[in-house]
Amino acid sequence: MELSGHLLSILIFFPAFGALALLLLRSEDEYWIRRLTFVVSVVEFLFSLILLRAVAIGAPGYALTEYKAWISSPPINYHLGVDGISMFLVILTTLLTPICVLASWKGVDHRIKEFHVMLLMLEVGIIGVFLALDLFVFFLFWEVMLIPMAFLIGIWGHGRRIYAAVKFFIYTMFGSAFMLVGILWLYNLTGTFDLPAIQLTLQSAAYHLAPRTEMLLFLSFFIAFAIKVPLFPFHTWLPDAHVEAPTAGSIILAGVLLKMGTYGMIRFCLPLFPEASHRAAPYVAVLALIGIIYGALVALVQPNLKKVVAYSSVSHLGFVVLGIFTFHTISMQGAVYQMLAHGVSTGALFFLVGMLYDRRHTFEISEYGGLAVPMPKFAAFFLFISLSSMGLPMLNGFVGEYLILLGTYQVHWGWASWAATGVILSACYLLWAYQRVFFGDVTNEKNRDISDIDAREQWGLVVFAVIALWMGIASPYFTRRIAAPVNAVIEQTKSRYAEEASKPAALPQPAAMAGEAQQDSLRRTVSR
Amino acid sequence: MTPTAADMVRVLPEIIWCGFGVLLMLLQPFLKNRQGLTLFAMVGAAAGTLATYFGQMGSGFFGLIQFDTYSLFFHWLLGLVVFLVILASDSYLERENLAPAEFYALILFATAGMGVLASAQELLTAFIGLEMSSISSYVLAGYRRDAVKSSESAVKYFLLGSFATAFFLYGIALVYGASGSTNLMQIASTDPSSTLLRLGLTLILVGLGFKVALAPFQVWTPDVYEGAPTPVTALFAAGPKAATFALLLRIFTTIHAATDFWFWAFWILAVATMSVGNLGALVQTNVKRMLAYSSIAHAGYTLVAFAAVTTMKLDPETGAAPAYAAVLFYLLGYSLVKVGAFTIVSEIGGKGESYQTLDDFAGLGTRQPFAAAAMSLFLLSLLGMPITAGFFGKFYVFKAAINSKLIWLAVLMTINSTIGAYYYLRLIVVMYMRERTGDVPAEAATSLSPTAAMVVVVAVLATLYLGLLPNHVLGIVLSQNLILSAR
Amino acid sequence: MISGVLVIFFVLAALAVLGAVSLILQSHPIHSALSLILVMVSLAGLYLLMGAEFIAAVQIIVYGGAVMVLFIFVIMLLNAGVEERTNFSKLATFGGVPLALALGGIIAAAIARSSGHLPVPTEGAISSTRKLSMLLFSEFVYPFELTSFLILVAILGAIVLAQREN
Amino acid sequence: MVPTNYYLILSAILFGLGVLAFVFKRNIITIFMAIELMLNAVNLAFVAFSQALHKPDGEVFVLFVIVVAAAEAAVGLGIIILTARNRRSLNVERVDLLKL
Amino acid sequence: MPILENLWIIPLLPLLGSAINGLFGAKWSKAVVNSVALGSTGVSFLCALEAVREFLTGGSQPFRKEFFDWIVAGNFRAGFDLQLDQLTVVMLLVVTGVGFLIHIYSTGYMAHEEGYYRFFSYLNLFMFFMLILILAANYVLLFVGWEGVGLCSYLLIGFYLVKKSAADAGKKAFIVNRIGDFGFMLGMFLLFRTFHSLDFATVFAAAAKPEVAVEPLGQFGVLTVACLLLFVGATGKSAQLPLYVWLPDAMEGPTPVSALIHAATMVTAGVYMVARSHILFTHAPTAMYVVAIVGCATAFFAATIGLVQSDIKKVLAYSTVSQLGYMFLACGVGAFGAGIFHLMTHAFFKALLFLSAGSVIHAMGGEQDMWKMGGLSKKIKVTYWCMLFGTIAIAGFPPFAAFFSKDSILFAAYNSENGGKVLYGLGLLAAVFTSFYMFRLIWLTFYGEQRYDEHKVHVHESPGTMTGPLMILAFLSLTGGWFALPALFGGKDYFAEFLSPVFGAAEAGGGEAAQSLEHILSVVAVVAATAGLLVAWRMYSKKVERGTSEGLHKLLYNKYYVDEIYAATVVRPLMWLSTNVFWKVVDAGMIDGAVNGVADGAAAVGDKVRHTQSGNTRSYAVWVVVGALVVLGIVFWPILQPVVFGGGR
């Protein structure tokens, strides 16, 4: 079918055409600008749903690949492809964009045209990142995506928006510059930028990277991704960026941008540099654990509602990284799932916080209190989303966290135990923040007659809520599609690590369990 | 022995450029209207460039010049740059009411000089070319006679320039002494162990290094660039730099001895230059001056590719081709972007170049969306953002560096480009995210003049073209035996 | 044994260096200019000593004559007085002299230890004016023609710069 | 017969003195003279080499250099006059509007 | 249609009720809301009955059915699988039955409250999760219910939105439960790592294999660790030491909530879970021992606190904690049946007590302090009698329910080896305390002169919707224990027998010799209860006033200051650390400081660089000279090197 031949290109560039169309409109008639953008993004979303049918379940490798020679020397090709992992991330992106339009319906009141153009261009960049199979093309989208994001923060943000925008930009620039070096180095070794080709070369027994080289390459990629995730201690751009960004910016930022980092780890770091990944895993895991606990603790004491959510992202993404670097199929599927879940819940949280801001123009928790009475619907949604974010069973957050922890435990009980404390803490900071905002008497007179959510906001929230619930109950719908690519990644990561791969049981047992022998006998009997 | 017709054709561009220069001087008394002269000058620039079409490859004038793809490329580059600069000057000359004829004539003479540099294969010819471009540059720098800054920039450029020329010349003398000739091909065949040769080449490097503003010879650049009329600055940043780099690379690749002698010099100068450029630009508040510093930094990046040449030459299957390609591509993208950027600066600057500070650019995004957008694109290109010319330029330089195992140089370049990102971004931020403090002065330009707009459009298109479809240009810069003189 | 030629050389060399030094030390531009002329004349002598008569002549006529006259003319025009020995530039004040000397020293040293292997020059003139002109119009015709444009540029530049506001 | 070395060393010394003069003098005109001094040093070297190598082209170069020098002189003095007009001073250290 | 085959109906109905009320109830009249709420629970109760009938007719084999996959990843599968066996039957009937009664009661009690629909929506939601919890056929689904009921308890405790104390209590409950769940999750992970599945059937089958060794006492094998971790979860949910702190505060919620969630059903989930995993526990004596000790300690500890509380609901709350302790004691000594038995009877009489208390509070217009009551026996007769029934029941007088259940627990404890006697002793002491504080409650509330202002509060009996359930529960708490009646006279304990398919051999053996011993012990128990009664009568029958609190009394009155200790040792340090170290120092100071520091450093260097740009041409010339020297240095390095370094040699 002709369409499916270029479906991915269409997915990437359709918003760009939308942006062009916007440019034709006069910047005065915001009425049409908003509606047009909304329509475009919704259509884009519908396009992306085709992927669900196009990507075969359980088939490893990439579907809908597009391959077109672009630059002769060095051979850079416009190579796209989608698999279970990237598919859902793309859909998440296309889903969040229209909601961003809704979210900024009232909040954005100046330079509306530019705003929506930026939004759509951002979508282009992000989708491109997820679909690119050529390292160069990947890098290209990866960089391009920075600009609209920086603009979104810098122009339509709040208070210290410029500082935040520049910080975000420079931080990421720095990381990605190293990635460029890594990419070129890799090209130098393999003679191509094509991801599958490089994998083949590196996997081939004939080819063997020197450990040091591999580690350096791994780091050059990993740092870029770690900054994006953001992994402790590269996370300090995040709170600023989030707090200053407009609602739409925060939604996209937390919802998808952070995932680009973890996606990169799954797609590049692990398969390309198996040994290095394995050697780095303990350190990465420690950073992730620090991130989980540290992020949660800092979130606990933030006086600024948006910062609470921002730091919670640090904590949640820590889970994802942990899940990835345990190289266990359960935990890695959990990690991918958690990416999506976090995208939905945190996106929704920022959406909600944004509504508060639209009404009161402050994020200070102390400014609020007792909102449950004037705005019950809002309170209900906020609670629901918070619960999904703190991983209540039957909601989206739970599945990911649970799988990550479960898988991690199979490999390394200590990591899992530490990570699990994050589950407690997440309840602490979210519930406490919730209580301070919604319960008790209305302390601030300004909140007395604050208006409850209107239809537009309600529908946006309903979408989030339904998805959260659906993801919480029908998780196999996702995991079935995620499983194959994840296992493929794990295979590639293991391939040279036969000995490690063969005996996960040989990993350190809980110190508490004395009587190793007896316990092994038990396992034997059980597995029989 | 007399020069053949073919030789004359090989230097046809220079002849045409000079010829048009002379014609301009003759026409000046009769042809009073500015646009006419502008058009005439542009025709001259274009004609000279197109004349390269007739020349056939090979060395001419008894080996004094070399007409190869390399010089062809640079002739096109120079022609394009000059063409744009002339177009951009039109409105400027009107604003500052300066005499157009001499201005254009000088520009064309300078172009001819640069053309000579690009194709020279013999040091003395190169020297004459260099002097032609330099002397006209000195005059152009001081062209706004009544402006104090302009004359100061002229005198500084002149004194230091001729100072450096003396070094260059002394170097030539010593090389001549060592090898008995000033022809690169013959110099190449002299015993590299000779100290005289070493010394001579070093002094040549000093002289040329000054012209392309390598740290620590960069000191003159900010002052001269800032003081000179902005279109002239655009020319300086693009033309002489490219031409001198052309000569430098030709010497470097032709004379093996130089390759060995200069490698570490390039390595260290590259680091010094880009660091000085970026760090200096970091704290500038005058956009013109900031761009001057940034052009220093870019010279540093280009030098990285030079360093790469050394080791790549040893690589059997690629040879140094990728490194050459990197240099050429980089210079092309860089020059066009710079011309575009300076054009905008000159337009925003308004009468007497009085609005060039960051504050004057504040809120440009709303006042002049087009100018701001174009400027942003240029800045992003300088910053090395994908889908712009600058990105590929940097990309190929990176690639060359890493190909030749200069990882550290690459890393230092990375860090530098991150620093660079900051000040380029700051200007964008100012244009879009800051509102102008105080009201916009009445005489400040409200929109680009049509001619300038044309220049900017061309530059934008070029930037995107090189950023998206570099294949064609790559085909040229990667062509076999790009530099005929190269061994 | 020191030949007469060598004596002449040393005398002229001494004069040249002397002129150069006095160029530096003189505080009035006119005196500096005169010192420079001294240098040039003594160089012309050296050229003669090497048998390059034509160059010597040009040196005297063009350099000593035209150029230096131009200098002095300008000095008069601007009636430049005694130069004020300001020291705004710390670097130049403290670093200038030693560094410059170091540079000159290094170059001189390098040349001294390198150019030993040069062939010892033979007696008499090695280049007649005829030869030079031959070269100029055959092998070096291109740069020669270029110089004509160079001079044109110079004239044009001078006009542009020095003409009074009309 | 005078060895070429002597000439070369002399030229080197003159060149060095030229550099010294350049960094030492304040009066723009004198500084320009320093440049001329350096060029003369170069010429000396050229002639010395051409004599040593029995090749006349060295002397041709000298001619070129002299021409260039003359041209430079014309333009340079023009610029100097211009500056003098604008600044009412020939002290190079007072010509420092453009800085930092 | 056969309900058993569609077991999902039973939990689904309340969920529907909750959803409907939650979404639309706001606009509806109380009557409609009532009909939805009661309808859904009532029907689900009937369905439960039907399901039980079908199950029992179908023989004693546990029924299990997989409905759909919930989580699938790698070799891990957590399905929406429900199962029904004897243990579940008991729980099912208790939950739906008592739950239904309490729904009815609530319609009366909450009649005048704001957010009526919200309350019932939450209540139904709770029913849903509780049913999931007991019907679940694997640990993960059980965990769903586990967390779900926690959520509902959070919502219902904080039902009075504007009351800060309520919100605090709710948050506390949820977080403390989360701490327990932390253990529970790790337990699950360990089980999965060991058995590669979390289905009850698979896990227990594997564990029951004869070759799986019982891990001797004092050894921490896999199973022991797993059981202990699970038990941590249980302590959180069932308010055992040290995580019991949330339950007393939970009394901030409306009284029906306290009755349903914090007495009858949710808090017993821990007991249920331990009993459910009895096969694992029996393989881990160490864990069992810990359970027993914790249970016993809690029973005693909570009872002591109960002695002096003045808030009527607080008394009942601590008594609940104490009774739960009994249940764990039972499980700990292997008498799972007895534990469940007590769970059931406790559900009856504790629900009764709470509801009666609620009725009292209702009558007193919201007053909860017993010292402000007194002499109510004549004013609210029905409530009085019901309360009295409940008291006698909990005190353990025959033939009331608790007599049998508590009796068998103490009996089992007495028989258990290593330290059984001590456990028994403490348990008995706790029994004495129990009857003491309960009768204290009776006297303070219903006898003596009235200590409230006649004109402020006009005491009135509650409506039928409230008294009706009371009477039913009163009846149940009288008869609830009679399943075991025959056992006293050498007959068999029907309850134990009913559960034997589940617990089977796990049940602690009786035997002829035990028969006589059991009689003795039961007599002792009755004596103990009487003692408590007498002391209470002695102290409170005549005119009394609030005792000045000092010394031991003060310590007890302030609950051993446990909350304060937690606050001082855990909460505040953590907050301080997060604020002043992590956030202010590490984040803002070190990391961001470093980042910005680099930036500033660059700027500073840049400033230096630009100051070399002095604008003075002479300096520039010198720079050129310097450059020339540098380049010369670099280029001549190969030549200079020997001169420089070779100089020495």
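Letters A, B, C, D and E name the chains as they come in the text, with residue numbers starting at 1 for each one.
The working rule: contacts are C-beta pairs under 8 Å (C-beta built on N, C-alpha and C of every residue); 3 or more make two chains touch, one makes a residue touch a chain.
Quantities reported herein were computed from a predicted structural model and do not represent experimental measurements.
*Asks:* Taking contact as defined at the start, I'd like the list of chains shared as neighbours by subunit B and subunit C.
*Replies:* Chains that touch both subunit B and subunit C, as defined above, are D, E.
*Asks:* Going only through chains that touch each other, how many steps at minimum separate subunit A from subunit D?
*Replies:* 2
*Asks:* Out of every possible chain pairing, which has the most C-beta contacts?
*Replies:* C-D
*Asks:* Which chain lies the greatest distance away from subunit C when centres are computed from Cα atoms alone?
*Replies:* Computed centres place E farthest from subunit C.
*Asks:* For which chain is the distance between its Cα centroid and the global protein Cα centroid smallest?
*Replies:* The most central chain here turns out to be A.
*Asks:* So how far apart, in whole Å, are subunit B and subunit D when each is placed at the average of its C-alpha atoms?
*Replies:* That gives a centre separation of 26 Å.
*Asks:* Roughly how far is subunit A from subunit C, centre to centre by C-alpha average, rounded to an integer in Å?
*Replies:* Roughly 72 Å, centre to centre.
*Asks:* How many angstrom lie between the centres of subunit D and subunit E, each centre taken as the mean Cα position?
*Replies:* It comes to 96 Å between the two C-alpha centres.
*Asks:* Report the inter-centroid distance (CA atoms only) between subunit C and subunit D in whole Å.
*Replies:* Centres of subunit C and subunit D (C-alpha means) sit 6 Å apart.
*Asks:* Would you pick out the residues of subunit C that each touch at least 2 other chains?
*Replies:* 88-89, 92, 96, 99-100, 103, 107, 110-111, 115, 118, 139-140, 143, 147, 150, 153-154, 157, 160-161
*Asks:* Could you say which residues in subunit A touch two or more other chains, in rising order?
*Replies:* 170, in rising order.
*Asks:* Where does subunit D touch two or more other chains at once, residue-wise?
*Replies:* Correct list: 8, 15, 18-19, 22-23, 26, 31-32, 48-49, 52-53, 57, 64, 68, 71-72, 75, 78-80, 82, 92-93, 95-99.
*Asks:* Which chains touch, pair by pair?
*Replies:* A-B, A-E, B-C, B-D, B-E, C-D, C-E, D-E
*Asks:* Provide the residue numbers of subunit C that touch subunit D in the complex, in ascending order.
*Replies:* Contact set of subunit C toward subunit D: 3, 5-6, 9, 13, 16-17, 20-21, 23-24, 29, 32-33, 36, 39-40, 43, 46-47, 49-52, 54-55, 58-59, 62-63, 66-67, 70-71, 74-75, 77-78, 80, 83-89, 92, 96-97, 99-101, 103-105, 107-108, 111-112, 115-116, 118-123, 126-127, 131-132, 135-136, 139-140, 143-144, 147, 150-151, 153-155, 157-158, 160-162.
*Asks:* Can you list the residues on subunit B that touch subunit A in the complex?
*Replies:* My answer: residues 366, 380, 385-387, 391, 395, 398-399, 402-403, 407, 410-411, 414-415, 417-418, 421-422, 425-426, 429, 432-434, 470-471, 474-475, 478.
*Asks:* Please name which positions on subunit A make contact with subunit E in the complex.
*Replies:* Checking each residue of subunit A against subunit E gives 167, 170-171, 233, 235-236, 239, 294, 297-298, 300-302, 328-330, 333-334, 370, 372-373, 387, 392-394, 398-399, 402-403, 405-407, 409-410, 413, 416-417, 420-421, 423-424, 427-428, 431-432, 435, 438-441, 473, 475-476, 479-480, 483, 510, 512-515, 518-519, 521-523, 525-527.
*Asks:* Would you pull the subunit E residues touching subunit A in the complex into a rising list?
*Replies:* 69-76, 140, 143-144, 147-148, 151, 154, 158, 161-164, 166-168, 171, 174-175, 178-179, 181-182, 185-186, 188-190, 192-196, 206, 209, 211-213, 215, 219-223, 225, 574-575, 577-579, 582-583, 586-587, 591-592, 595, 599
*Asks:* Going by the contact rule set out above, which residues of subunit D touch subunit E in the complex?
*Replies:* 19, 22-23, 26, 31, 92-93, 95-100
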